[in-house]
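Below, chain A partners chain B and then partners chain C, in two separate complexes.
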Partner chain A sequence: MNSKVKAAAVVKDNLQNFFFVLPAFVIFCIFYIYPFLNMIFLSFQEWRGIGPMHFIGLQNYKELMGDHLWWDSMAHSGYITLIALTFQNALAFALALACDREIRLKRFYRVVFFIPPVLSEVVVGLIWNWILNPQLQNGQHIGLLNHLLFISGFPQMVHNWLGDPQTALTTIAIVHSWKGFGWGFIMLLAGLQTIDKQLYEAARVDGANAWRTFTNVTIPMMLPVILVVMILTILGSMQVFVLILSMVNEGLVNHTDVPVTRIWSSMSSTNRFGYACAEAVIFGGILVGISFITKRLSDRVKQA
Partner chain B sequence: MPKVLTLSCLMLIVLAGCSQPSKPSNKILLWHWMTDRNDTFQKFAQQYQKETGIEVTVQLFAPSDSYSQKVIAAAQANVLPDIYGILDKKSIVADFIKAGLVTDLTDDMHANTGAWANSLFDKALADKRFETGNIYGVKPGIYGVPIDVTNEQMLYNKKLLAKAGISTPPKTYEEFIKDAQALKRVGITPFVSGWGELWLLDCFAFNYAFNMMGEEKVFATFRGQVKYTDADWIKVLSVFADLRDKGVMMDGIVTKGNKYAEQDFALERAAFAFNGSWCVNVYHDMNPNLEYGVMPPPAISTAYPLKIWGSAGATFVVNASSPNKDKAIAFLKWLTEKGQQVVLSQETNNLPSNKEALLVISPILGEFAKGMDQSTHPSIWPVNEDPLVSEAFDRGIQAIIIGEKTPQQVVEDVQSVKDRQMAKGH
Partner chain C sequence: MKANKYVFWGMIKSTCIHVFLMTIALTCLFPIFWMVRCAFMSNETVFVDKAFIPHHLNFGNFAAAWTKGNFAVYFLNSVIYTVCVVTGIVLISSLAAFSFSRLKFPGRDIIFYMFVAAMMIPLPGFFVALFVLMNKLHLVNTRFGYILCMINVGLSMSILLLKTFFDKMPRDLEDAARIDGCGKIGVWWHVALPLARPAIAVIVIFNSLNVWNEYILATLLLGDSQLMPLQRGIMVFQGANSTDYPLLMAGLTMAAVPIILIYLFMQKHIVKGLSSGAVVG
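Right after this comes the complex of A and B.
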């Protein structure tokens, strides 16, 4: 009898716990699990968003494998990510190192460097559209960049930055890096501030110069943070979308296409929801793969 | 246990809130995407409630891309409002109708010897009209109510033209190029448009396709009976190469959004623009002192008439499963009456869909209205191009404008996409 009472109490407790978790579980299922499974289901269909669906098996995936525009967009995304990983993170690290020292107006700089990330991507796109405007009015360059290049004695460098296939993607990547470096800056600065100052003093006592201190103390201590920043940079850069839309609208031919713009285009321009879902599944798989690899790498570094 | 019960009740209330009301009431829900017309719609809703006792709730969801996605999601979940708009191709409208989401308004339009239908521009009605034997397999009828009309034409800045010594706007393409050279000589950029938005570029290209080869040949191409490698298509695309070579277009035109292009024209950075009739409102907001006129795109050939794109601007449909269907139809009928149409046109500077309201519109809108006679639109064409082919066509024109490809290369690319889609049975 006693054991029965205990069992009933356990069941009651579990039931109560279950009911407390239930709302979160239901919301998670409705907004995450169901759309995810539905997306996979839709990727096997030919569907225009409304009306009947036609099961076509792996046809969307087969077509996607041979879709050079899709793989070009993937390469563009990789290029943006590469610039973000190098230029953006190097800039973030350099500024974090500078702000970690005892310099004047340190707090002011921290705020200033964190302004671009908190701006909306649409606003950033609008601002840079004005800066990069290639137009002349009454013989004067409307765009700030071309105006500065002209008055600084570099008229040969005045350029249609977003209208030239040679420069459009790089320009977008740089603007993306400008917008994103603040996140890395804050995280790296926080990481730098957790390094025990005694390690620097010990290195100085041992006669290490600034470079040796940086490579033998700062970098090893910062590696876990650097890896997190790298993972976030990769995931953020691969999914850049709004910035592209606000800077070049539907794109410069196909030179500024990235996977998300292709998915969007498949859904809204050509009404191929099934194909868009197949693109999303493949892209999601690639992102998961990248995250998995970087996580494994991060674990190995932590163990070392 | 009471906590569990409370929680369960709360969840039921939340889930119940997700379902659509199914009982008739004196309330109508309208979803739209037009930020510039929202205030006027709200005023109309209040006025209508005073007059009839019917409460109209007007909800704005902008921009139009987001609105479109919202409508599709609501259609999938069967939670559409009483009145909404479908901002998509006619084939998608057909899918909505076939899914039982749109009311057939034919009987209401034709009641009283067709008084309602006759009061509206026929080309605007055609936007959501399906003829007998239509290719979409939809039961013939009228499925939408246009609340305004729109067409896309050329605008010219009177002051800038005068500065270049041009007294009258060009009528032919040769005159246009000559005027562009004159403008360039005095340092004025001749032409701007928002061709970063592909539909606007497509629209300009098809003006010339109709002008140079006629409607039938264009439609025959869509059907796969004429190839894009045909000499006429190369000539159409060569217009863009010519505009590029002669420096007519503003730098960066291929990535320019229409809002930026409108700003450029309103701020007198370009003498000519290609834009839709909604621009009257936009230019008025940006530069009330702008002196400009409207003209059709300058014809390049006399072989066929130059057609411009023109149709219903905004069209509302009535949810077929709405319990307040009749009230929704009555409200739309009221909205398209002369009185409301005049107010809508005066407050928002859009072309009214009610023909009688045209008598009291502004002179510049009057110039746009003249173009309705020569207008055409994909929604009334007997056949439409496959979207993937259209995308290749528009991207190809962009490639020509930036000097990356020749018209010959582009038509070959487009034809290869066309062949692929035809092989798939599209």
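Right after this comes the complex of A and C.
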């Protein structure tokens, strides 16, 4: 009798405790788990969004393997990621090193560098679209950049930056870096400030110059933070989408396609939901692979 | 003499550093300044007058965008979505994190790791399946549907952050509250939530930024212009008035300024949140 009452009390207690998690659990199952499984299921179907579905096995994936527009788009986002990894992160690291000392206006710099990241991609894209405007009116350049190039004596540099396939991707990548370097800067600066100043002191006593101190103290101590920044940069840059949409607004064109714009147009312009899901599965798999490899790398670094 | 040389080189060095930092800072600020500047011009002068401070200021664009451009509706919608989503995330995630950290039930750890794993897996093309689901549930073109989706987006990270915070929190106060007759809900509301204020500040800021700036789901789920948030509205507006740059810049300014102001007021918390994220890894 007594044990029964006790057992009932335990069950009631467990249920009560579970009720705390219930809202999160329900939302998570409906809006995350179900669409996730459904995405994999749909990737094996031929489906136009409405009407009957046809199971076609791996047909979508086979088509995807030979879809050169898709692999081009993958190369484009790889290119943007490469620029973000090198140019953007080098800039962020240089700024963090410059700020990691007693310096006037330090707070000002820290506040200002994080303003572009708080703006939305739509706002950033449209501002830069306006600055990079290639048009002429009454012999005057409308866009600020071309105007400045013209009046400062570089008329041969005036260019349709976003319209020319040669420069469009690089321009987008640079604007993306402009928007994104503040994240890396804040995280790297925080990492630098956790390094024990006595290590620098010891290196100096041992006769190490600035460069030796940098390669033998700063870099090894910062490696975990650098890896976190790198993985966030890769994931963020591979998925850049809204920025491209708002910068290249005269319809999406092939030379600025990235995987997410491919998925978007498979879904909304050609209504091929199954194919869009197959693209999403492949792309998601690649991203998971990248983060997994980087995670393994960072674990190894932490052990060493 | 030698000391002088050191001082001299030190000054050169610090000047170089300041020039470098200042250049980048100006590069950050100038496009934003240019946006605000162009918002004060008219369609006739914007193509001609290239002075930094325009010769004729025109204040009409903001009013025009607010009424003609439908920005009043977009702005209000953005405020509604941000407030509802962030409130929802704070309540739901703190309840769950409190239970994960303090209460026991079978399967607790499995469910927790599920949330963590969800955060690790990036889902770029997820919106296709989400749209199919929302269509099935008849939640397309409803405020409620969009709010639920956005709550889901922010949930994992918030739960993880709050659980780590609760784990480190001393239990004495909770025990005291329990002795005073507080139930579990009472402990959560009267003790855990107030103590977790620093963590909640971080959650509020990052999720507000995220909801205010969100575009993809808003485009997918909200086709009715009466329901659109700002980011979506700006793109619609831009499509309709693609040559009226001063008006567009006024709209962009109205979308950007609130978030910049919130950031300036709360930037200490942002730095703290990012720094702890970087160090924890």
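Just so we're on the same page, the second predicted complex is superposed on the first by the 287 of 304 C-alpha atoms of A that agree within 3 Å, B and C clash if a C-alpha of one lies under 4 Å from a C-alpha of the other, contacts with A are read in each partner's own complex, and residues count from 1 in each chain.
The rule is short, and it goes like this: a residue touches a chain if its C-beta (ideal position, glycine included) is under 8 Å from a C-beta of that chain, and two chains touch if they have at least 3 such contacts.
The model shown is predicted, which means the values in this text are computed figures rather than measured ones.
Undergrad: Clash or fit: chain B and chain C on chain A?
TA: Partners clash after overlay.
Undergrad: Does chain B (first) or chain C (second) touch A:Q16, or do both, or does neither?
TA: Both partners.
Undergrad: Compare chain B and chain C by how many residues of chain A each one touches, and report the one with more.
TA: C
Undergrad: Regarding the shared-chain residue A:M221, is it in contact with chain B (first), chain C (second), both, or neither?
TA: neither
Undergrad: Check whether A:Q137 is in contact with chain B, with chain C, with both or with neither, and answer first, second, both or neither.
TA: both
Undergrad: Tell me which partner A:W183 touches in the superposition: chain B (first), chain C (second), both or neither.
TA: second
Undergrad: Let me test your reading of the model: by the given contact rule, A:Y32 touches which partner, first (chain B), second (chain C), both or neither?
TA: Once the two structures are laid over each other on A, A:Y32 reaches chain C alone.
Undergrad: Name the contact category of A:P116: first (chain B only), second (chain C only), both, or neither.
TA: In the superposition, A:P116 touches chain C alone.
Undergrad: Once chain A of both complexes is superposed, is A:G163 in touch with chain B (first), chain C (second), both, or neither?
TA: A:G163: touches chain B, not chain C.
Undergrad: Kindly list the residues of chain A that each of chain B and chain C touches, one partner per complex.
TA: After superposing on chain A, chain A residues 15-16, 20, 23, 49, 137-138, 142, 249, 267 contact both chain B and chain C.
Undergrad: For the complex, give me every residue of chain B touching chain A.
TA: Counting only chain B, the residues touching chain A are 1, 3-4, 7-8, 11, 65, 68-69, 72, 75-76, 88-89, 91-92, 95-96, 98-99, 101, 187, 189, 194, 196-198, 250-257, 260, 264, 269, 387-388, 391, 395, 398-399, 402, 404.
Undergrad: For chain C, which residues are in contact with chain A within the complex?
TA: 14, 17-18, 20-21, 24-25, 27-29, 31-32, 34-35, 38, 47-48, 50, 92-93, 95-96, 98-100, 103-106, 108, 111, 114-115, 118, 120-126, 128-133, 148-149, 151-152, 155-156, 159, 184, 188, 209, 212-213, 215-216, 231, 234-235, 238-239, 242, 245, 248-249, 252, 255-256, 259-260, 263-264, 267, 270-271, 274-275, 277-279, 281
Undergrad: Show which residues of chain A lie in contact with chain C when the two form their complex.
TA: Listed in rising order, the residues of chain A that touch chain C are 13-18, 20-21, 23-25, 27-28, 30-32, 34-36, 38-39, 42, 49, 91, 94-95, 98-99, 103-105, 108-116, 118-123, 126-128, 130-131, 137-138, 140, 142, 144, 147, 178, 182-183, 186-188, 190-191, 194, 224-225, 227-229, 235, 238-239, 241-242, 245-246, 249, 259-260, 263, 267, 273, 276-277, 279-281, 283-284, 287-288, 291, 298, 302.
Undergrad: Which residues of chain A touch chain B in the complex?
TA: 15-16, 19-20, 22-23, 26, 48-51, 129, 133-139, 142, 160, 162-165, 168, 247-254, 256, 265, 267-272
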